[in-house]
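Note that the chains take the letters A, B, C and D in the order they are written out, and that residue 1 is the start of every chain.
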Amino acid sequence: MRKKLYSLVEKAEKNNSISFFYDWLIMGASILSILPMMFRDVPQEVTEWIETPTVYLLFFDYMLRWFTHDYRRKSTSKWSFVLYPFTPLAIMDLMGILPSLGLLHGSFKAFRLFRLGKLIRYSKSCQRIGNVFKNQKKTLLSVLSIAIAYIFISALIMFVSEPPENFPNFFDALYWATTALTTVGYGDIYPSTQLGKVISMISSIFGVAVIAMPAGIVTAGFLEELNKDFHEGEEKHDEES
Amino acid sequence: MRKKLYSLVEKAEKNNSISFFYDWLIMGASILSILPMMFRDVPQEVTEWIETPTVYLLFFDYMLRWFTHDYRRKSTSKWSFVLYPFTPLAIMDLMGILPSLGLLHGSFKAFRLFRLGKLIRYSKSCQRIGNVFKNQKKTLLSVLSIAIAYIFISALIMFVSEPPENFPNFFDALYWATTALTTVGYGDIYPSTQLGKVISMISSIFGVAVIAMPAGIVTAGFLEELNKDFHEGEEKHDEES
Amino acid sequence: MRKKLYSLVEKAEKNNSISFFYDWLIMGASILSILPMMFRDVPQEVTEWIETPTVYLLFFDYMLRWFTHDYRRKSTSKWSFVLYPFTPLAIMDLMGILPSLGLLHGSFKAFRLFRLGKLIRYSKSCQRIGNVFKNQKKTLLSVLSIAIAYIFISALIMFVSEPPENFPNFFDALYWATTALTTVGYGDIYPSTQLGKVISMISSIFGVAVIAMPAGIVTAGFLEELNKDFHEGEEKHDEES
Amino acid sequence: MRKKLYSLVEKAEKNNSISFFYDWLIMGASILSILPMMFRDVPQEVTEWIETPTVYLLFFDYMLRWFTHDYRRKSTSKWSFVLYPFTPLAIMDLMGILPSLGLLHGSFKAFRLFRLGKLIRYSKSCQRIGNVFKNQKKTLLSVLSIAIAYIFISALIMFVSEPPENFPNFFDALYWATTALTTVGYGDIYPSTQLGKVISMISSIFGVAVIAMPAGIVTAGFLEELNKDFHEGEEKHDEES
């Protein structure tokens, strides 16, 4: 019985049409409950009308996953049930449900967005990206810390050199550094003094290289991950034939 | 007879000067009929004077290709003739002709741009790019879906967090997310609150990596495609000598 | 005698101090004569004072190179002397001299910038970049033609869809497309209608990949070129020892 | 005794808890003394209260490192002590201390930022980046000189072609070229004439490739450096087991 429930909540195998239906039901409910957030001035009734059944369904799904978590961990220990609420996806699920249970302040409505986390379980692309971040964790952390340090120091130099009118507080300098070094450059904040422009120029020329590194590493990691998946697919094919 | 017509409409072999002339005629007519679109206030007569012979010619070409489509598909089945109007290039050809036949509303004039699709048949670079998209379809779809999902979620978070004045509707948020994450950053729309700026910064740092992935994959695929072409060329050369 | 002159104008060997002095003289004169262009309102006398000796020197250099061109081409044929004025570097040299000879209209003063072409002969980095463009010519032309076609078509679609106020003429549309697809995005020109924004978004997402291709190819080609140079250097070293 | 002091100032081995504490003390003091720079209008007393002990500590650290520099250089020669003040990190340390010793003019307060240089000694990521720049020095200098030359020439062409209102002096043209070619594009300065726009377009299309080269080389070098580190780690592991 519990095993059947587990196969229901898990991503459906090819020939399990009930589980397949359940998967799409959960995905559909998650997306549907996000839709009202894409419009200003949605009448209260419509929101509630969508929200009530969705939240019950998502809460039901949360409970089912908790109830069958020992199968997922392939363990018979009772600890599985204690650990479940602390797994990242379970935390995301809970945060997506809470705002509508009235347990959180009204301004936390945005937390409903965590419901999109449900889709991660069903999307292979998301899992691949997740794997890239897991496998390249060390490299990415190293590169990311350099990038953030570079942004921080550029911001600090600019903040100290420019007059207070341009960068009233340090946050503005950080914002400038981030938009400049990722080359977005909205043009809402930029240096006006000669010295500030020189700092901006030097910072850009070197910074482009530093900030481009995470991009290169993620792309390389993702292509590797894809190749691995294709090879596994081929091997499976070979075994079958 | 029909075979000769087929070799006429196809890209010319080296020694077939009539087919060569025909190719240039079609290309020339396609480009010529686009030229008036590059100017505002072209007198009506000039447009008509260019449009009339072009459309007849393009329609004639469309018919010829339909009439000889069984050769292209290397099949003798009558189905070739039924399938032709549903091939992508044939649909583009038809959409390029329709506006001038008066069968479509005036605001569909822009459809004439589809006539440039004619050039795809004759340009090797375009065919290579087409091959890249065909060969890397799975990878590109996977990466593109991640990129679009990332843009969507960034837009949604920003839309929910910023006051209505900055992002009146969800489309504006999507537009902001796209211009920010592709690092274009026109500066016509950007967050103004502290929270919005923080979201923008985090979104940019991670987003640059996500959005750069399609670029890396297309470049790698295109270089592979070019190498393959060069090797084929060399092999041909070897066989001949 | 003529052979000695040739070794004088060529890039100096390690132990030829006269040729070495001559090289630096020419480089210095080229750069010096450019300097007044970096300031507005340079008094006429200063410009003339710098211009007169420089132009005589550069003209003298031009003549010397012509006079010894048969050594460069390693040919004894008289044709070398006829061909010289049509080599790319000779054309650049001539264009750099002409404005000061009073033979060209005043607004062609900017042609003096061609004098910087002199430096190409002496800079190894410039020669490497030149080699990349020579070796990857086919690939780069193919990629560049796609990039330019993409910019052109994006501009045309935008020009046809947006109201005349935003894009008064086709050139503005081309300018928009170039700044958007190279992700510069100054913010001086951008679409204002819903449709224009959608076109801009789609165009950006795909365009970033297309425009990034030349960058990837040039970088790969340049690294290859550098490796080749290092290996040659090592081999030379091995032979000597 | 001096050997013990040396192991104290050096990055701590795993089992040396006193040295470990000393490392964190120095890092903490460096960061703490930077914090007041991130706020405008910090009361004078607070700054002094933080500054006084920090500077004494950093000066003490500077002296300790000087006193034990022969161990670092693994040399018994007295020259070590003469050379120390001229090593790059020692210069940075001194520049970070000087402003607070009252030996430098008030506007050199920004020099306190050099205290962050202390962190380089303790961060492995920073050392890796340093190694990349050391190993790829030749390549990077070559690429960087091309990038800077390209920026310079683009700026010069633009400066000569545009009317004085847009680019009052050459520095503005340089600033434009840098922000355009690194694709930041704030939008505070851009060409307004037809000719200027054409120059900007051509410059962008080619420039993106040139400016992207350092990025590609740094990324490649950094990945290589990381791989080397991982392999060394594995080898160490193998030897131990």
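Everything below uses one rule, namely that a residue touches a chain if its C-beta (ideal position, glycine included) is under 8 Å from a C-beta of that chain, and two chains touch if they have at least 3 such contacts.
Being a predicted model, the structure only gives us computed values, none of them experimental.
Asks: Which rotation angle, from 0 to 180°, best lines up the CA atoms of subunit B with subunit C, given as a multiple of 5?
Replies: My answer is 90 degrees for the C-alpha fit.
Asks: Suppose you list every residue number at the subunit A-subunit B interface; are over half of them used by both chains (same) or under half (different)?
Replies: different
Asks: Among A-B, B-D or A-C, whose interface repeats B-C's (more than half the contact pairs identical)?
Replies: Interface equivalent to B-C, from the options A-B, B-D or A-C: A-B.
Asks: Quick check: how many Å separate the C-alpha centres of subunit A and subunit D?
Replies: Measuring from centre to centre gives 32 Å for this pair.
Asks: Note the residues in subunit C that touch 2 or more other chains, in rising order.
Replies: Counting only residues that touch two or more other chains, subunit C contributes 183-187, 212, 216-217.
Asks: Looking at the complex, which residues from subunit C come into contact with subunit A?
Replies: 183, 185-187
Asks: Where on subunit D does subunit C make contact in their complex?
Replies: 138-139, 142-143, 145-146, 149, 153, 156-157, 159-161, 164, 168-170, 180, 183-187, 190, 194, 197, 200-201, 204-205, 208-210, 212-213, 216-217, 220
Asks: Where on subunit A is subunit B touching in the complex?
Replies: My answer: residues 34, 37-40, 109-110, 113, 116, 123-126, 128-129, 144, 147-148, 171, 174-175, 178-179, 182-188, 211-212, 214-220, 222-223, 226.
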